[in-house]
Amino acid sequence: MNAPSSPAEAARLHAEFVKGLWRENPVFVQVLGMCPTLAVTNSAINALAMGAATTAVLACSSLLVSLLGRFIPAQVRISTYVIVIATFVTVVDFVLQAILPDVHKELGAFLALIVVNCLILGRQEAFASKNPPLAAVLDALGMGLGFLFALLCLGATREVLGNGSLFGIDLFGPAFEPWVVMVLPPGGFLMLGLILLLFSWRLQRRAAAAAEEKR
Amino acid sequence: MSDFELPPEPGSTRLVATLTVAGLLAGLLLASTYALTLPAIEANAAAALQRAVFQVVPGTTAMRKLVLTGGRFVPADGSEAKDAVAVYAAYGDGGRFLGYAIPGQGPGFQDTIKLLFGYDPQRELVVGMQVLDSRETPGLGDKIFKDPAFAREFAALAVRPEAVVVKHGTGTLPNQVDGITGATISSKAVVRIVNERCAGLLDKLPAAAEVPPAPKEESR
Amino acid sequence: MTGRGHRLDLQAAPFLHTTLSTPRLMVEVILCTLPVLAAATWFFGVVALLVVAAATAGAVFAEWALATRAPRGNTLRDGSGVLTGLLVGLTLPPAIPLWMAALGGFVAIALGKQLFGGLGQNLFNPALVGRAFLQAAFPGALTTWGAPRGFLDVPASTFALPFLHGGLDGMSTATPLALHKFEHTTTGLWALFSGDVAGSLGETSALVLLLVGLWLGLRRAFDWRIPVAILVATALLGGALHLLDPVRNPGPLFLLTSGGLLFGAVFMATDPVSSPTTPRGALAFGAGIGALVVVIRDYGGLPEGVMYAILLMNAATPLLERVSQPRPFGRRRAA
């Protein structure tokens, strides 16, 4: 990995990193990885852990795939990516089990299911395999952090409404009446729907404003 | 992937070799991670179990695992079958025997409820209960582990005759458990698990005088 | 059916002949909720008015915030929002905090109506969507039935601040259906008929609901087939199951007069938007609701199932309309 040699190169790398955070956000814009997005966002800490685990797996896999990309025959590339991803998922699973057993118990099977998060395989196929290691890692970090941000948005809202707390810190005191539905699966769908609604409303308004200007 | 031109077939040896190398490297990485994290994982599991035992038998400072082999409970020495029925003998200060912590599980309203309860053979009473794992409805069924009042119902519960769930606020007899309003099924499930375990195991547990002595060191 | 009048509407069969425009119909039904509200106030005290007012305020607020900018035109003034709010309020238990009632009204309009595109576009009955949301979000508050109390005596929970439950004052009781399901005690038929029992605000008095339903049916404000089919199906299936197991399954008269059945049959299932417009479709729709109610009440985990029965049949409405289209005159039955 060489340091960027020119300002133009630095700007390009910066763009690769930033795009996943907002403009091409994996959840809000690409609508990828819905399974963990809906399943483990019932509290902010779970969302954070899932986002961080996914980011770690994504960054490690992207680095390895970018480094080894040209040695892998195209016919077996998907199988190789899956082996790489599955390995890192299992590593993350072990590490989490060792250092944060409570979080590991909460995430349960969804930790292992990071393997089938199409965001990760998608980035390997669409970006990491065709780009140099530094760009691949920056792209992976951007996408991973964008994913983490989206999960945290959902997790925080659902925990505040469904449990009256944020990161386990009580916000409303003992008289709080929890919105039970928010920590159940339907709450995930409701919240995700509302956030996507906001996003498309914004896009629509921007498009309308642009059309207005043209006229 | 329309923009992805497949290069000429490189021959199956190359394909197999690539996947084999990838698999070998993955295996190596996994094995070393497993070896590195195993002690911490086992320590976590043991600590969690110990916390639960200490909670369901008040005053516990040490414990010993007993497994059911050949119709009686003997101290676990690591040679027992993995799925052998196990209970935990709990000891207080000075190695005084306090009672047993008995794990149990059974169907709840949503999914299997796993719990641990304490039993004092001298007083013939259940002395504590903790739900280890459940997926009961948040806000209603999850009160079986979130509502301290429900846990208190198990602080001195007679199980002979069998414990029964009664409407909230009406329990008077020692074998009656005040149910949780709105979570009748979950509260009944917990009591049923305790009853089933008691019916199956109490006669087989060693009497207080025959319990193996407390382990030497303060808690394993 | 736009309510603006003087417009030539071209639409496919079935053609409806009606003298009632949308706002007129709304006013008519709104007036008919007043006797129900009066009965609720008689039995539960002034708190009934507060709860219904809060739910209506929430609904009208949602209508104002969302419908005034909706592409399909403003439905704020046609009264449908007010009606939805009133209906949400009348399905709530008397001791519910007012902020929850207002939230229910808001969700009914926002999620149940405007999200689908406004009046006439919604698949589900908006008022029941609002109530179902509250039931899912606050199962405790929605199944706590305050015991009868003085006319001006307002429970402590009513004025709870938003997000708080404001303390339960312990004075709770069980509805006749819950009593039957969990305690195996049957409530007297006269109490059920007059309405002097625990339950949601508008659902307790069978007498008032029957009279209002009769009036609305005679005025052709709704399709009479729907409530009649519901009641007949409930009585028949409930009666048959009662004969099989008289202890566990309550008799038909109890089924008809308890819980939200009559309220649902008169005010909820008859919503013209979310129920079939074809005569045979309406009959099947009503019969489906009646059967589901009996199955849920007799075999379900919950004591009451009218809300879910109606919502489920709402989902089946497009299908029922498709299969029950009247055949054009003179055409042969498709081979």
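The chains carry the letters A, B and C, assigned in the order they are written, with residues numbered from 1 in each.
By definition in this document, a residue touches a chain if its C-beta (ideal position, glycine included) is under 8 Å from a C-beta of that chain, and two chains touch if they have at least 3 such contacts.
Remember, predicted model here, so these are calculated numbers, not experimental data.
*Asks:* Give the label of the chain whose average Cα location is farthest from that of subunit B.
*Replies:* C
*Asks:* Can you pull out the chain pair that has more C-beta pairs in contact than any other?
*Replies:* Chain pair with the maximum contact count: A-B.
*Asks:* What whole-Å value do you get for the distance between subunit A and subunit B if each is reduced to the mean of its CA atoms?
*Replies:* 34
*Asks:* Would you mind pulling out the distance in Å between where the CA atoms of subunit A average out and where those of subunit C do?
*Replies:* 42
*Asks:* Could you tell me the distance, in whole angstrom, between the mean C-alpha positions of subunit B and subunit C?
*Replies:* 46
*Asks:* On subunit A, where are the residues touching two or more other chains?
*Replies:* In subunit A, the residues touching two or more other chains are 180, 184.
*Asks:* So which stretches of subunit C touch two or more other chains?
*Replies:* In subunit C, residues 139-140 touch at least two other chains, as defined above.
*Asks:* Check each residue of subunit B and list the ones that touch at least two other chains.
*Replies:* 137, 139-140
*Asks:* In the complex of these two chains, what residues of subunit A are touching subunit C?
*Replies:* 164, 172-173, 175-177, 179-182, 184, 186
*Asks:* So in the complex, which bits of subunit A are touching subunit B?
*Replies:* Per the touch definition, subunit A meets subunit B at residues 71-76, 79-80, 83-84, 86-87, 90-91, 94-95, 97-99, 101, 125, 162, 178, 180, 183-184.
*Asks:* Under the definition above, what is the set of subunit C residues touching subunit B in their complex?
*Replies:* 139-140, 143, 182, 301
*Asks:* Applying the document's contact rule, which stretches of subunit B touch subunit A when the two form their complex?
*Replies:* Subunit B residues touching subunit A: 1, 4, 6-7, 9-10, 14-15, 18-19, 22-23, 25-26, 29-30, 33-34, 37, 40-41, 44-45, 48, 137-140.
*Asks:* Which of the residues in subunit C come into contact with subunit A in the complex?
*Replies:* Interface residues on subunit C, with respect to subunit A: 97, 100, 133, 136-141, 160, 163-167.
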